[in-house]
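A, B, C and D are the chain letters, set down in written order, and residue numbers restart from 1 in every chain.
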């Protein structure tokens, strides 16, 4: 079974093996922060920073991992980088840190990062690991933006705070609330499956 | 549980004496200590800026909440000092964060930071009071998680402006459908619980602190 | 000064916590140590790890455990092929003799036209659901033709052709998914001692008179095959072949039984023989026309 | 009396009103991944509740005695080198995330080894989902909520004690199990339904989850009503909504 190269890992991360639409990982953050585009983009950037650092660190120390402490080491590394990211955000982008609130620490338990550490970083060299991290986080950010775009415009008629739909648009408040997140993501996932099935892609997710 | 401790043959124990748990976990120990130190370093480096951000966020609201200063005093710089005011009333002790604002020595007003249970979650508000702590000069919602589109309207300026000028002594009431009297606040349609929650928070804060602030104001005024 | 104390204290706090947790985990790892046979680990490593199910097990680890614990034949892994078989044999210390390939045999020969008393059925288009409804078709034993086996097969090696499940032995790896999926259990795994073996293409146990009422090609239990060849034993109107005593080279009387069978229920199944391929030689096979764009999901999946 | 009412409200809030899955969006990965069969979902729910309670106990003690600004242990330790006044200034709250996730990962690893040794059947039925519990956001979220009720609160009376923290964790787990079992029940029915091909599996599960979330939204505000109903009339006069009432897990 050939282990994919860096370029393959990168390309796969974005669409074919999109962490959210294909592998169904990191759903907690996907549903939680996508009620507006600004926080979705910031969450994407935060995950990018943490994923790249964590993958790099794990792939550097992958030879000394002991089987029964493997998960503990991964989570420790990820938690450190998330705390650093959280403090940086709180120091330099305070309003955004307040908007994201509790969901930044939840990046630690974001399944994507731990999964990438286990699948890719613990087995391959730093270069492939970083490429994989970039691909996956871009895929993640893409998924977040696609979800946030739908939810924000329907929920508040605005994108990034600028009014897009006419003020007469009755805001679908449900879209900004939890049920809206579930529904929108379910429908978008169905759409993605349908497109990939129609394009003759491999079996649906 | 069987007492005989078997040798760990799953672990490639190349050197048996290296078999104890601590050695196998050396990587975890090293990482834990290194990361602990790293984060402490980050904390000391970024700590002050974060604290400053937090303080600025509240202090930047203070001027807007005070009574508009007239004449020459308007341009003077505001000095704001914050202290924790413990209050015990009806067998309940509560601690309020009170910001005292002075314009070139003259007491310009107070801003009380308080919080309470709203419809869905905590609501944190800043209440601006006149120097004698008898008239409300402003209200700002710092943090709320009310239902967006409905309860979240308590943070909008038009609704908050209703509080300006209301007397601090008499408790405010929430009225539905306009016609706000001297101490009545018009509730947001569809979000009466949120509106009532904010008014209750303000009432309790004023009842707790206005007497003490008025006393301080009497003492402090030159 | 306070900076160094903070950093020192946080490092110390994390250190003590780490010592506490690693020692607990280390002790637990030893105290709760489960004697795992290292050979399972070795076999799992030797297997490709694709968890494809081709060997009939859920995943490679289960197959590895089966090989080590209950002496499963070592050449089951289809994806791994010969190299995998040798690796497993080396680990287990058995000689890598290729064991008999088990392939599915569909014990029904009736296409849609042959089945009588077929009622118009607009219910759930799956065999599992149709099997619950009586009266879908006369024969309560035979193939329903809704393709549960086709959906279950990971290797696209079984298709419902004209209402009857037919196995494409060139692609089939013998994983048994179709046998497990069929609600009427008419697909059994038979040992193929040769490219093509004889099989009974019916599973109807009713008396001849009832069979004739529900099916054109079903076995009426006339025992002609049993008289002609000792391989066949007929129990409640249905012959079954004793595959252990089956030897592909002297099939004399079995062939005679096949010809004697009035309903032609005994058929040869397996890879298409040279004769069939020759017969098809000149015919131009249409290449599989992939639908460029389907408005709805193909209708067998979703009715209206 | 009001102390038990407080605990009851925290428990009710965490289980139903602010349900971890439907209100706070945590624990969605197992919620979608594991809810194929009811017994597996229930097993997963129990394991998550168990680990959540252990993690909450560890994180409360660590926060209360070490990580809080001015925590007793830190102040004593710092006092060895610094003068007492400066020692109070030492603040280790930055370590909270690592400590929590360390505790969670270690307890999951411990539970995994324990199950493998003593309950191999349950262990095999979990299979891959046991390590997935470590990445379960619900557990970390519970620890963070406990931290926010300890660190983020300036009024010492409103800080949570161990009982309240455990109430949140335990009933948060119960709420999670409730959500995942309901979902598993529905998805078992969905297997036999005629779902269009692209929606089969997770998409239809998400749509069903959305409707469930709408149903759970019906609970919002119930705890306020309960609070006024349960607190005895005498207490109401003296104490309008407390400076920091403990009910409902708020986000930090």
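We adopt the following convention: contacts are C-beta pairs under 8 Å (C-beta built on N, C-alpha and C of every residue); 3 or more make two chains touch, one makes a residue touch a chain.
What you see is a predicted model; the values in this text were computed from it and never measured.
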item: Far-end chain from chain C, centres as C-alpha averages; value: B
item: Between chain A and chain C, centroid-to-centroid distance (C-alpha), Å; value: 39
item: Rounded Å distance between chain B and chain C, as computed from the means of their C-alpha atoms; value: 66
item: Approximate Å spacing (C-alpha centroids) for the pair chain C, chain D; value: 45
item: Distance from chain D to chain B - Cα centre to Cα centre, in angstrom; value: 24
item: Multi-chain contact sites of chain A, meaning residues that touch two or more partners; value: 68-69, 72, 76, 79-80, 83, 87, 177, 197
item: Per-residue overlap in chain D, given as positions that touch at least 2 other chains; value: 91-92, 94-95, 98, 102, 106, 109, 113, 196-198, 251
item: Per-residue multi-chain contacts in chain C, two or more chains; value: 6, 9-10, 12-14, 17-18, 21-22, 25, 29, 31, 33, 297
item: Pairwise touch network: line, ring, star, complete, or other; value: complete
item: Parts of chain D lying in touch with chain A, wherever the complex brings them together; value: 22-29, 32-33, 94, 97-98, 100-102, 104-106, 108-109, 113, 131-132, 134-137, 139-141, 144, 148, 196-207, 209-214, 217, 251-252
item: Touching residues on chain B, where the partner in the complex is chain A; value: 10-11, 24-25, 27-28, 31-32, 35, 38-39, 42-43, 46, 49-50, 53-54, 57, 143, 147-150
item: Parts of chain B lying in touch with chain C, wherever the complex brings them together; value: 1, 5-6, 8-11, 20-22, 24-25, 28-29, 31-37, 39-41, 43-44
item: Complex contacts: residues of chain C adjacent to chain D; value: 1-2, 5-6, 9-10, 12-14, 17-18, 21, 24-25, 28-29, 31-34, 124, 129, 297, 301-303
item: Touch list for chain C against partner chain B, complex; value: 3, 6-15, 17-19, 21-23, 25-27, 29-31, 33, 35-36, 38
